[in-house]
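Each in structure tokens, the structures are laid out below.
You will see chain A twice below: alongside chain B first, and alongside chain C after that.
== the complex of A and B ==
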């Protein structure tokens, strides 16, 4: 167990270091963004005195390093600062938005991941026959069409023509779980279609790779059925590449859903970020960037750890 | 119509085909087994013997109606327990595979699923086919582990494949095959990948397991001496045809066909030992070496000498440090202590700082000829490269010299413009020899050059090497695990064990008693081409251990 524990600890340490470096990058990145918060708050007609006062009030005249350190210290205490434009506490509004995004991502993942793996197994079982070709064809088509187009097409047919699900994914706290799920049915469908192909194709490729191994022949010569062979003997040895691609797609579900959120006017992180970028609200952009980075790094770290733990040589050393 | 039950396996006019993809040609179908017939009664062992391409594994797998890769059974009948398994349903075939007929492959290390404990894999077939409950199957597996001489039979099943040694895993594979109480086990080269001292234990375990369980077996190997120890009957195959079929006694002691005679008399090269000269060509003094980042020495104080035009055989099992010695001499692994003198001067430890003359005079030939050549270069380019590099030969002159070298390795016309993929294994190794000779070296290091070759082809290579030594007066440092090869070509021998030279001297001296323990074990483990050899060795060892 020793080697595995050491490797996992290394991964975690590396992830934290990476997150720290990213926080610097985000801070520096927002520093060199063009534009000025005070200017965008007060508008074009502001007097130079008013601008100077506001800058002083917002702490924009402090040296960058001082601002970075105080920002980072705040982050450690769960204080992401206040939005410059609205004066609201960022942690609070971000938390609500993040909750919505995770809710959407969670349900999309619950459907997409098992479906992708199942379709991958099915494609291997009927390799080069019509089910394989059909699955490959459909998933390839769904990944090739831009997601906003899928969104509008689904919205038109399912939302407008058939009226099965709402075209606009409105959410509020008074809704029951069932109502919420009904509200997000269409965005979940779009996201599923978008991430399905990648995961399914990787599952298929990873398992087919393992199917060449001598121990698969051993399993065949034991008289096992094809599905038993794939599920019991091939799949456990292809977990590492599959988990990697699954985590990449989960990260995409959290970080990359801006377009889908905008299409369905869903109150998630993506919209929140886009709104405040256009308002030059630097603390909000920084906070969003940091949260996205943390999600991305965290999920990839999980993928790495699962890969390490799925290796029997590391789990059971000599 | 049902068959009488006293014939377990009846094969009639079996024809097997495959699709081949030759370079530069259209893929097409060929026949690789051309109508083979035989019977196997319950409890008997049939040995299938032949060189690579003889179709022996293919025939073995056909008894499970299985074709590897693109291999298809194209004709004939295979009857197991009274039914033609080529015509039976897929579900019946599944109950046959792993139930009535089981399989032991050459590489247990690759044939065990790395992600699952051994016990689960050993009992899987028996449980899936409903022959035993899980508990019964596990008890049976533990009994088999014990019978096969595995350490800690109660707990070894909890281990993962990478946690046991190669020889142990091969025995686990035998337990896997015997666990469902099959009627027939196909052993496909089960000891070929093992060291010679490990092979003898596994061979003994397999033989006793076959005897005790009364199972019938097909034993496939290219080594006639091995198959003679375990089988009742032997079928000799060549290129998909049966050459000879008879009892083991008849095949070994009274072979009828020329091909069988050649197989029986293989490794009969005799080479008169040469006396050492005054000036050694290569002197290795106190060489100690370790790999970067490791904490133990893989070579410990090695001292050997090699005289011009002679052969020093370095023999040992895998991990003994024999190839590392070659790396130290060639400068790929600079030693941490000691020095190497070559042709009167001290060699610099590191390859990068050696003058070109030293590089030229010290050439290497490797075990895997096909990966030692660029597949996209013709034979002419491959052999011509050292001619250009060391002697600056070009154009017609270079081509003339390449042709001379090809004549020397007995590959006269028509080979110069071929690609490696168009050559057989033996021909590839010959090209590698010619490439080494092209540099006009004083010493060639041969690292297991015949290990990947069939016995008859290997014999040819050894004969060629001896002949070239006479003509060119080149010295060989011959690294091998095969003692028969050593007997055939060495002038002096160094036996290596765990990084040390445990025995060193002229061949006649090293190979005569009194032996040290390790050399004795090594020598007595080499299978001999006679019936009852295995029993004799085991009896001897028992006596010795009783005497101690």
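== the complex of A and C ==
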């Protein structure tokens, strides 16, 4: 087990280094964008005096390096700072948004991951017959349609025409869990449709790959049922690629759903980030970028570790 | 039959029969649907406001990077919020003219250079403090000081001195301005305790509602202010504002009944939305307009013949039909239209390729003309630019279109590049519109217009208290802009609002959409 601990420690250290590099990249990126936060806050109504006053107040006249270093020092003390635009504490508003994003991602994943794997197993069981073709056809179609379009279609038929679920996924603290789940029904459905195909196809391909092996033939000759063979013998051996693709999709559910958030007016992190990028609010963009990068790196790390642990040859190197 | 109609009107107004039933019975009596609708609206208003309930507003513009500080408000979400929890000194009356809010009355000196405002007695802030002339003075100071960042700074600049005398607030101007009361209706200028100098973000004011929960860019909840002085404002118990920036999502929220009213129904789908049985779509002309702006000091636009060629080369009606889908009216190369109090109509400039060709040849310029545009410069701007390109081609003029990114358009292109698309939301009075964008020394002189006669007329008109003479001066100024300015104004855009039939008390108004953004304050929920 010592090797595994060492491996995890290594990965975490590398992840932290990566996060640091990401923060530099984001900072430089926001500097390259035209205009600055003062100009963006005042918009078309900016007078030169108002601009100068606001720049002074926000400390934008300091050199870029100074601003970066002081921000970095703050982060090491656990202080993400305050937003330049709204003056609110970033950790607090970001925390609420992150909570919403994770809530949506969690429920989408709870439905999508088991469903995708089950459909994948089903497709293998009925390979090249109509259930396989139906599953592949439907999931591939749903991944090929842009997610905002799926969103609008569901919104129109389920939200407006049938009235089964609200078209605006508005969340607030006074809602019960049931009300919250009802509110996010449509975005969860869209996200499920969007991530289903990728995971399902990978499950199908990975298991089919294993199904060619000699030991599967042995199991068949022993007289085991097809589903038992797939579930007991093929699935455990194809877990590594499946976990990889599942983690990639989970990461997408957290960091890549801004379009779905906008369509359903869901107060998640994507919208929060986009609002602040367009205002050049660097501290908020930095904080969001760090969180997103951490999620991405973290989930990929989990995928790596799981695939190593699930493989006896990697678990017990000679 | 009259009795029957009256009886049904009363029943409908009291909520005893549904709108649908009312319309059906009216149809049976041979009354047209349009007339029945009007009858119903009258009846509901005549029955008087109903108290209580919740009005939910789906609104555009809000962003999670906004603040509650009135000085920094730039969008319709922020403006509507200010209307809920705060009040200015003076407000535009819904049907035109002015009405006093915090100011009970006001008076200008004979030469319009000193203005005295009498502060209404017994008005309290939501923190219990009574409003004094000192609070008003402090508010105006915060928006006009040397180090202010207020969006209202531009209109506060002409003020030389301000002071509070008992319950009077006195303003001395550095040059006379008969329009000062109109300028003070600016949405930034809500009165805050001690001017908001202690905490600009506190959202404490004298408005009909008290802000209970604010999640920027997401949702706001306000409860009725029990101590509000004016019973004609604030009928619903609770106002909920939900920021929905996506057009389709906003319309869907109205259609599915999640909100009771929305701003900015997209012109493309407005006709479709209005067919729904329980939704009314109101379109209202306003001072907002879409423009193509040329820098009068930059070649080739420094030649007036080039400018005239482009003005003759634009097909205004086609743009209203195809870009605004008919929800608008044609412009006449001046920022002023009938929504301004002292408007005088001038001869309409028509699309005339021959005249465009003539002026272009006369100018001696035969190169291509570069127009910069972006999606956010106004909705449909790239399409409008393409139409302009086509109509100019018929006059033999080659227009090149450069598509710019939305991001950074206002800082990098507008007011920097010599020819681009843009919009103006308009101002309440001519003086303000002209001084904001066409006075040679204006910060936002985005056409680099420098005309001595125009500047003189503008200053003279401010001090002119004879309305007839003033009206003539403004007409002359519009003519100068029309014939020499760098502004091509093809269209004035309408505000298009969508409102559920649950809402009573809707009125035609001037100003912004949703009853100058006062709809949640002045309408009510019918049973």
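Here, the second predicted complex is superposed on the first by the 290 of 318 C-alpha atoms of A that agree within 3 Å, B and C clash if a C-alpha of one lies under 4 Å from a C-alpha of the other, contacts with A are read in each partner's own complex, and residues count from 1 in each chain.
By our rule, a contact is a pair of C-beta atoms (placed from the backbone, for glycine too) under 8 Å apart; a residue touches a chain by one contact, two chains touch by 3 or more.
Just so we're clear, the structure is a prediction, and the values are computed from it rather than from any experiment.
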item	value
First, second, both or neither for A:279, with chain B first and chain C second	second
First (chain B), second (chain C), both or neither touched by A:198	neither
Chain B versus chain C as contact partner of A:50, first or second or both or neither	second
Partner chain(s) touched by A:163 [first = chain B, second = chain C, both, neither]	second
Which partner, chain B or chain C, touches more chain A residues	C
First, second, both or neither for A:218, with chain B first and chain C second	first
Touching partner for A:237 - first (chain B), second (chain C), both, neither	first
Chain B versus chain C as contact partner of A:265, first or second or both or neither	second
Intersection of chain A interface sets (partners chain B, chain C)	none
Chain A to chain C touching residues, read off their complex	33-36, 39-45, 47-50, 53-54, 57, 83, 85-88, 93, 97, 152, 155-156, 159-160, 163, 166-168, 170, 172, 262-265, 267, 271-272, 275-276, 278-279, 281, 284
Footprint of chain A on chain B - complex, ascending	64, 66, 68, 93-99, 102-103, 105, 107, 110-116, 121, 124-125, 128-129, 159-160, 162-163, 176
Residues of chain A defined as touching chain B within the complex	213-215, 217-225, 228, 233, 236-237, 310, 312-313, 316, 318
Residues of chain C defined as touching chain A within the complex	58, 63-67, 72, 74, 146-151, 153-154, 201, 213, 215-219, 242-246, 248-249, 252-253, 255-259, 407-408, 410-412, 414, 443-444
